[in-house]
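This is the structure I want to talk about, given as structure tokens.
We call the chains A, B, C, D and E, going by the order they appear; numbering starts again at 1 in every chain.
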Amino acid sequence: MRYAYYPGCSLKGTGKAYEESLLSVFRTLGVELHEIEDWNCCGATSYSSVHNSAAFALAARNLALAEPLRMDLVAPCAACYLVLEKTKRYIRNHPHLDERVRRGLQAAGLRYEGNVRVRHPLDVLVNDVGLDAVRAKVKRPLDGLAVAPYYGCQVVRPYSTFDHQTYPVLMDRLLEAAGAKVVRYPLKTKCCGGSLTGTQPDVGVRLAWFLIREAKKRGADVIATLCPLCHFNLDSYQDKIARTCEKVSVPTVYFTQLLGLAFGHSEKSLGLHRNIVSAHAALASRSLATAG
Amino acid sequence: MPEKPKIAFYWCASCGGCEESAVDLAEGILGLLDAVEFVLWPVAMDFKKKDVESLADGSITATFLNGAIRTSEHEEMARLLRRKSRILIAYGSCAHQGGIPGLANQFSREEILRGVYDDSPSTNNAEGVRPRSDHREGGFRVTLPDLHNVVRSLDQLVPVDYSLPGCPPTPKLLGEAVRALLAGTLPPRGSVLAPDVALCESCPRKDSKPTDLSYQEFRRPHRVALDPATCFLAQGIVCMGPATRGGCEAPCIGGNMPCTGCFGPTSRARDQGAKALSAIASSVEPTDDAAIDRVLDGIPDPIGTFYRYGLARSILRRKAGLPVDPREAR
Amino acid sequence: MKPVRQTIKYEAERDPNFAREIAAIPGCENLPSCFQCGTCSAACLVSTFMDYTPRRVIALTRSGFKDEALRCQTIWLCTSCYACTVECPKEIQITNIMYALKQRAIREKVYPKGFSIPVLAQEFYKLVLKRGRSTESWLVIRLFWRTNILKILGMARLGLNLLRTGRMSFRADSIRQTRELQRLLEAAEAEKGMAK
Amino acid sequence: MEHRADEPRIGVYVCHCGSNIAGKVRVAAVAEAAALLPGVVVSRDSKYMCSDPGQEMIQQDIREHALNRIVVASCSPLLHEETFRKATERGGLNPYFFQMVNLREHDSWVHEDADAATEKAVDLVRAAVRRVRFHRALEKTEVPVHPDVLVVGGGIAGIHAALTLADAGKRVYLVEREPTIGGHMARFDKTFPTLDCAACILTPKMSSVKAHPNITLWTYSDVTSVSGYVGNFKVVVRRRPRYVREDLCVGCLECIDACVYKEGRVPDEFNAGLGKRKPIYIPFPQATPQVVVVDPASCIRVKTGKCKSTCVEACDRDAIVFDQKEEIREIEVGAIVVATGFETFDAARIPQYGLGVYDDVYTSLQVERMVNSSGPTLGEVRLKNGSTPRSIGIIHCVGSRDQKTNRWCSRVCCMYSLKLAHLLKEHTGAQVYNFYIDIRAAGKGYEEFFDRLREEGVNFIRGRVAEITDWTMTPEEEGRLVIRVEDTLAGFVRRIPVDMVVLAVGLEPAHDAQEVRRVLNIGCSNEGFFMERHPKLAPVETFTEGIFLAGCCQGPKDIPDTVAQAGAAAAAALALVDAGRVELEPNTACVVDEACSGCKTCVALCPYTAISHDRERGKAAVNGALCKGCGTCVAACPSGAIRQNLFEDDQIFGEIEGVLVHA
Amino acid sequence: MPEPWEPRIVAFFCNWCTYTAADLAGVSRMKYAPNTRVVRVMCSGRMDPQFVYDAFARGADGVLIGGCHPGDCHYIEGNYKALRRFRMIRRVLREMGIEEARCRLEWISAAEGEKVRRVVNEMVEEVRRLGPLDLPGRAAEWDEEVSAHA
């Protein structure tokens, strides 16, 4: 299985551990990723706040770069995934916008014909690789590890069709395949606060608090996420939450890190040492910690 | 003794078969020669155009004109004979419907000339010589009739009083027409001098056609062994009989070939091909696009099939996109 | 005591074209069909912090109260989680309408001064325009530089944590073809033979 | 003044239809243009052609100007063709010397540009003028009408229609697919706004059906095919085996007690799954007929043949017969009333509302049964844990007014939600919250009922609920269901903890409405409800003459409206069968004998086997009584030997020429 | 000054489905292009290929045939007969130099007023792109070679 790969800015920065664990897990499962050359920022939510057609042109440059590879394009970051998918749909459905984007691409010597399929790793793992293939690679099942499956928003909405938009289940199934005990977590698609944690901490940090508190209440050992921003918000602000809201702590890990653990990879190779709120103790309590 | 009726025979774009059909009257022709006076019959007798021109207008009792209108000469002669004749009869499929020459309305004049003078495999014309209507060389002037862009039936050029259909018309119908002419018992002007019921009525295989026919495929007569007693349509062979005027005595059917439609439509149909298509396509068996198309693929040349004789006088007449090529200067 | 303020609205305060202009933006087409059921507000986790609920922003936009719609905090607090959009029974893409209002507010420079969210958006925009990628450290520094330089001290601990775990660096990332990218963005925004 | 009979003398009348046409089409200009067309003797425009003066004008002109052809350019012929044909006839002409032009539905209402609309109007009038020249005098054919009537569906609509017809002396077949009649209404506790006991008003009518000498009641039966035409339908009914002889069972219920299952095991359909029943059961105490039924899906005897069959022993009338087979009945009727009802929306399609996830989320139909004193809880409202709810949320518009599920308003949910609020409050004393988008209380006494509920202290919160969750934030929320909603009138989001949630589910077409529609050859509107012939003027008629609609199969409606419509449908059916004869549109095909070659192309193409081939004469012949006038054979006849009245080739060619040849 | 060309489309609508749908579009006040002229037939099965050719020959730029959806024909299966003829008519038209897009068959149920609007608008735009067919004009041009001598 071969895919084009669009890491996005976060996976090279704050979300490094996501990339490390994703590549590690994909390698084990025989999934090849080909990073597209000279990709640029997708624009995320901020760019659309400033300019409309430029935001789509910005994202479309990545689609144009990926198209000649003739492979599905994997975008692990929720914002990148959404923006690329949204761009694809918008230029297909709005001729006026299409014309502007085309003009922009042309100015950069590029063209995009609308043939790139954008995929999230969760979709790839469940629908292309398959749960059976995942199960087959599990060496050290996540026995009894209680996981709050946290999907966040932009992977499941509004465009993706591979799972339910409010009550998705695929990550639940995937983690169960790796042996985890998935807790019922009604906040699984609620907002983590997005960039508000930085810009409007009185709001953003409270949202993160809701999520952590409910995970704790439901007995989760860890929260599993599939978006670098969700991870950042839940992992990096727990001291602030303790100061401003409530002292409550649950480590947050990427779903790929949990899969990697189940596959027997080391914590270090999965980037688990990069967590601010270490998951080591929680994993150790279930005999899942590996030597750093 | 009263003057004998003056009769003219003339041919335009035709194969000569119509003229032959007059000869096929056999001994009947002798009586005819007694009863009438021929004033023009180029294929049989030596008259000149100026002989006709010298006649008073309306002095010919009846002209039997066969062949389609294809060239400036045809046009000129048809107009001349119309003027001189009291009754003008479109004789045979070509004059009646445009006939086989009418199929040329699928092509432009240039395409036809190129096909005949350049592209045909048996042609060696390195200099690219084309016929010219007016050619001068060494002080001599040579003229040729000019090729029209469009093939026409006779009634598309001049008013026609009667049509006698067929490729060629049968001696029986010709004989009846002449008798009626001589006896003054012709039907109202505009009539087609043949029965107004489709061929099936008199088809020898009529009873072998089932009432619940539906087509799963069409076959072509040269590819299959044809049952000599069964309705062609029942064998999956396109037969124009249901959409074609009867009166031909079904010689094709007798020769184990399906009707190709030379007698044209009945008076109640405006477009023979459309009606044949409607009847046949309605009874195709499948109900979805792809499967219907697969069945219809068995009729690879719908124009040649449904409009073999009638294209020039069909509703659409000529392929729409074709240009009108400029003709040679007169 | 708070001074008493008159809250009646006169027709002259309305921009009658506003709703049509917003609805003309791709993705905002269904704006007119809102029947004010409030599902968007209730589906939104942030709505409890907003000055107007999303439903009211839609109502204000649709009725042409442009000033209120553009000056409100609501549009800047929207985190684009799309919960409203997928729950709306009239299939109004509320998130897109929020974007449209944000763009308009920036264009008309009517956002709350010192409010850091639009500043972030613009700084992000500039950074990406210049380098093609965003580098979080740079972005944060510029953001606080323009809003409240003192606040950066409160972020020091987080910054140190990120540096410690190797998740942040001060080296600004960049793509190679920055010139081409700038041309691309300019060409896409340029008005070409279009009536405004 | 004498005129040659064959010379067309055409009168053209262009209608303003108030401003409906004249607001867009310049009618005077159209009339002026028509006046110049060949054959047109009189051309006028008039405010309302369908009014008495309009019709009178036609009659007068026919007499004064010796008109022999009439063209009226107004609305759709589907609306007023008959009106103007009659006016033409009253003027002394054969009514078929008339042609109608549709300037309203097809022109003024759908085009914005007045010039283009006027040009189109002139074209259409020209087409009609050219067409009408070729019209011929025709006679309507009359056929006898079978006096019996079929009613499909035994809910309140079907019951009322059947009784109305039977009381008028007609023989009625009432076919119901469930084991009992009664439909949804039998499951309701009280009816709004009067709070009458539903069973008290319905069960007497159910008994009357059973007892009526003119009604043949077939329950547990389906209509499998309908053929024929108005006045003369042939209907095939399949009677499924209930393994109990209806003629012998007296409803003593001994067999149910005797069943080898000591307790009910199967979710009870009648109680919306709240209770359990046995494989042999009676749907509810007042079921009609009072005959038990064996459910083949759960009865061991039917499934395996191995059972002690204690039920058979218990029946001293030997009514239980496990070798019963399905029966096919063929009947002939003159008219059909369709009253096949509705289904409620499956609330599990909206997972945010937690049906099937949380214990105490119920559908409105379940609550109807719960508050009913003969229901599974004997009228006790209890939570799954056995306690009485202290607060209850009723959510309106579940599966209604929602693009993702059903776009339409289900019309009855507001009022039944108010009713349930009242009943729940009465039964439990709980705080009741109604969450609504709009309250639609347009009916006699409805708004007053709404007033009463407010006085009773029911909380009304205007907002559509986004989510029901067990995610709690405060101590009072612990262990309860939290409803998240914007109080749109107050302008903020609220979280309201409740113990019980009621989902006011909307109304949907029955799951097999499309199949029923095909069997009956009637139309469905986009959402799947059966379509009436005209939304205003023919609300119970369908596009198939002789088939009428009653109740919610046509669209959501409450009981009063349903009964009213059922009465109307019964009256329409009665008017048809009582007349004894029906006129058929004479648009049938006929073979021109001398022109037919006997090629047989047409024979197989006729879907009604109306064309036969006469071997003797070697020609085809159309049976006018069987022909329904589709014209397929006419188009297919390769020699043009078949004609269709009202749609002759020349008439259609005339129209084509008219719209294209700009005079 | 010559008027700007507007496509002329002759539509043959069956009485029970498509004609009624067009009525519904009217009752719903949907706006669509004014270029069609509807000829009512009882069933799409009444569609004689001669009508299609005649409409083109008299100056139509497009012909639209509307019938009930497959399986929903008021006359059971007239629409299938229309479909079969239509598939063959398109072949003949293609051979005769008339673009296939100029002749269209659509299934439009009585409830689909919106589809009438969409199909008419689409077809008008498609035919507009193709330009005038103008068979009468072409025929007049063809006949100049003989009319000059008449």
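Note that in this section contacts are C-beta pairs under 8 Å (C-beta built on N, C-alpha and C of every residue); 3 or more make two chains touch, one makes a residue touch a chain.
These figures come from a predicted structure and were not determined experimentally.
Engineer: Among the chains, which one keeps its Cα centre farthest from the Cα centre of subunit A?
Structural biologist: With centres defined by C-alpha atoms, farthest from subunit A sits B.
Engineer: Which two chains have the most C-beta pairs in contact?
Structural biologist: Most contacting pair of chains: A-C.
Engineer: Indicate the whole-number Å distance between the mean C-alpha point of subunit A and the mean C-alpha point of subunit D.
Structural biologist: That gives a centre separation of 50 Å.
Engineer: Report, in whole Å, the distance between the mean C-alpha point of subunit C and the mean C-alpha point of subunit D.
Structural biologist: Distance between chain centres, rounded to whole Å: 49 Å.
Engineer: Can you check how far apart subunit A and subunit C are, centre to centre, with Cα atoms defining each centre and the answer in Å?
Structural biologist: Roughly 23 Å, centre to centre.
Engineer: When the C-alpha atoms of subunit D and subunit E are each averaged to a single point, how far apart are the two points in Å?
Structural biologist: So the centroids are 32 Å from each other.
Engineer: At which residue positions does subunit A touch at least two other chains?
Structural biologist: Touching at least two other chains: 166, 210.
Engineer: Which residue numbers or ranges of subunit E touch two or more of the other chains?
Structural biologist: If we look for residues of subunit E contacting two or more partner chains, we find 48-50, 54, 77, 81, 85.
Engineer: By residue number and range, which residues of subunit C touch two or more other chains?
Structural biologist: 44, 87
Engineer: Under the stated touch criterion, can you name all the chain pairs that qualify?
Structural biologist: Taking the chains two at a time, the touching pairs are A-C, A-D, B-D, B-E, C-D, D-E.
Engineer: If you look only at subunit D, which of its residues touch subunit E in the complex?
Structural biologist: Touching subunit E: residues 76-78, 102, 104-107, 109-113, 116-117, 119-120, 123-124, 127, 518, 521, 523-526, 531, 535, 543-544, 587, 605, 607-608, 628-632, 634-636, 644, 647, 649, 652-653, 655-657, 659-661 of subunit D.
Engineer: For subunit D, which residues are in contact with subunit B within the complex?
Structural biologist: Within the complex, subunit D touches subunit B at residues 592, 594-601, 603-605, 613, 618, 632, 635-641, 649, 653.
Engineer: Can you tell me which positions in subunit A touch subunit D when the two form their complex?
Structural biologist: 164, 166-167, 186-187, 210, 214
Engineer: For a test of understanding, state which residues of subunit C touch subunit D in their complex under the given definition.
Structural biologist: 35-44, 47-48, 52-53, 55-56, 87, 89-91
Engineer: Within the complex, which stretch of subunit D touches subunit C?
Structural biologist: Within the complex, subunit D touches subunit C at residues 352, 397, 401-404, 437-438, 462-467, 484-488, 491-493.
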